[in-house]
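Multiple structures follow.
Both of the next two complexes hold chain A, though its partner changes from chain B to chain C.
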Partner chain A sequence: MDSVEAVTVTIRIPAPLRPATGGLAEVAVTGRTAGEALQDLARLHPDVRARLLDARGELRPFVNVYVGERSLRALGGLAAPLQDGAVLAIVPAVAGGAP
Partner chain B sequence: MLHLATPLRDRLADLTVADYPREACGLLVGRLQPDATHVRQVFPVRNLNVERARDRYELDPDEHARVAAAARLEGLDIVGVWHSHPDHPARPSETDRAAAWEGWSYVIASVSPGGLQDLRSWRLQDGRFEEEDIVDGQR
Partner chain C sequence: MKAREQRLAALRRDIPQVSPAEARELVAGGAALVDVREPDEVSQGSPAGALRIVRGFLELRVEDALPDPARTVLVMCAGGVRSLFAAEGLRQLGYRDVRSVTGGFDRWKAEGLPVEVPRALDREDRERYARHVLIPEVGEAGQLKLLQSKVLLVGVGGLGCPAALYLAAAGVGTLGLVDDDVVERSNLQRQVLHGEADVGRPKVESARERLAALNPALLVREFRERLTSANVERLFSGWDVVVDGSDNFATRYLVNDACVKLNLPNVHGSVFRFEGQVSVFWPRGPHGGPCYRCLYPEPPPPELAPSCAEAGVLGVLPGVVGLLEAVEALKILLGLGTPLVGRLLHYDALLPRFMELRLERDPACRWCAPGASFPGYVDYEAFCSAAGRGA
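And then the complex of A and B:
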């Protein structure tokens, strides 16, 4: 059971990761920091873990996470605190190029 | 199958020709359905790779996040990525494949000094790109 201090946040899932969340575009999780929220997402949907986090639990370099309009990396990374009702958006890195 | 109305195709042509010989890149916003993708909006996004702007692109994630948030407010979704191949065919490169995500359409525009030469769409499937048909359609 969640403690009374539990912070509920919403994580928006981009289309490429939705096969790992059973097709859900948003997942409600709990966590007082971004790291806790992403760990809770990985607990609820284990297939997400390898896509988002490396073996040490750090965010993979080709995945960006935003809290509102601010990049998690600019907010201090996974330790960034979250307010109740915060919205996290997972934004895949997009790159490529001509031959 | 990718549904792309003529005005949106024309917009892609304008954006990719305007940036020639640099690569242009951006996002496709619309609706994803099990058997088809419907594009409603085409957004240019800043290419962060200025050192190799002729043959590489890296979308500005801040702009990407803003486009995704705005799309959601309209009940839409990011459905794909577009970019140009200046003086190269509209086929995905190994660089494209290595960085691609399954579940999105990747529209590639071949551009030369004479303008848009070709426009094709690709989807990553089991690590390989498969071409998908582009059809003119709003829905």
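And then the complex of A and C:
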């Protein structure tokens, strides 16, 4: 058995991002921190990366990520540790709708 | 001796009585004065500061207003007779110190004690808003408050139409409509204030007509303007609540920034296909919480925002979200419940699921952090649609 157990988490994909995940509304990824989980998401669905992360791997300012109901910002950012089975939600700024 | 007289004589022995002048002193010391006369009597004048509960509903409503049975209660009618019966009823409810005001309001007035003419709903409004007045948390006082309230709707589109419709029906006295757009046929799938015959007309115009037909007493102010840094403060001044029903980032950031600067509650809603978001941003209001920029300091560049071709929305979705915005606006106006401050309600119609997220204030926010000096308005590039349009 590995010294570090794999942590599997679910990431909820908002509708504006689903074209980048092949239409999936939820993606199961692994990662012991929020940053690792998002990197795994970007590995599985490369089109997500540019929408979510900047060149330095930081979260873009018009996207928020929540673990449960708490904002990643309040949990220490991308370094925030995740429990197995955690649910992450990506919530982008949405302009409005249907011009 | 008639039964009535016998009963009255017994009540006079039983119920302590005070003169109007004594009553006034007792009220100054913490007693409650309840005027139990009929609405048409009260509308001519009533002791200043009195509680007004009509005799017929006294036992049913008094506990909401006077929860403490140990408080001294002074009951008043016109001449001091009905108040004896009313006082007896209050005693049976458990109020321990109930007294009747001798000579009633007629003597109160004759002795030159302070009188006020209470604001009241007229007969038509009492009928129109009967289901509001019945709710103890709203009541006649709440309805009067709504009638004097002013709500500005930014955008008379998918979100603004349903919100305006229900705010008008609810009796919000003044609605402002900001939209520089004209009705297109493709709007009619969700923008329920406009009809087929309105295609090509300014949205603010067809919206006003529809709202006036619903509630003729409503005052509608039309602003057929695109929201810009140059007009946002002029348009936003003097309103109680702003409902953001816009469909583009340029407008949303102007709405946020002006609301922060003018300390206006910003009721926020947005939709995308089958999903909606609702929140209230009011960082300098009584509940604190973040502003929109705490969440999203800058709008996305056009190439990373969902393109217009990818957009689209289930027609009823902005109805759901616009009405949640209307609910929040009414709660703020009435001071009821807990506003959706510091929380984001996310609705996914397909699952379906309401998800609640906690929103954090950014202590370094350039717009709303305590002591931050206003950095000025920004006119972001309008992409995807013309600024000032409704979703």
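One rule holds for everything that comes next: the second predicted complex is superposed on the first by the 89 of 99 C-alpha atoms of A that agree within 3 Å, B and C clash if a C-alpha of one lies under 4 Å from a C-alpha of the other, contacts with A are read in each partner's own complex, and residues count from 1 in each chain.
Keep in mind that, in the parts below, a contact is a pair of C-beta atoms (placed from the backbone, for glycine too) under 8 Å apart; a residue touches a chain by one contact, two chains touch by 3 or more.
What you see is a predicted model; the values in this text were computed from it and never measured.
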{"item": "Partner chain(s) touched by A:G96 [first = chain B, second = chain C, both, neither]", "value": "both"}
{"item": "Partner chain(s) touched by A:R32 [first = chain B, second = chain C, both, neither]", "value": "neither"}
{"item": "First (chain B), second (chain C), both or neither touched by A:R49", "value": "neither"}
{"item": "Residues of chain A contacting chain B in one complex and chain C in the other", "value": "12, 14-16, 19, 25, 62, 64, 66, 69, 71, 89, 91-99"}
{"item": "Residue numbers on chain A that touch chain C, as the complex places them", "value": "12, 14-16, 19, 25, 50-51, 60-62, 64, 66, 69-71, 73-74, 89, 91-99"}
{"item": "Complex contact set, residues of chain A against chain B", "value": "12, 14-19, 25, 62, 64, 66, 69, 71, 89, 91-99"}
{"item": "Residue ranges of chain C touching chain A (in the complex, touch as defined)", "value": "155, 157-159, 190, 245-249, 252, 270-275, 277, 295-300, 304-306, 308, 310-313, 317-318, 344, 346, 350-351, 355-360, 362, 384-386, 389-391"}
{"item": "Chain B - residues contacting chain A, complex", "value": "23, 25, 27, 32, 49, 52, 54-59, 61-62, 64-66, 68-69, 72, 77-79, 81, 83, 85-88, 92-96, 99-104, 106"}
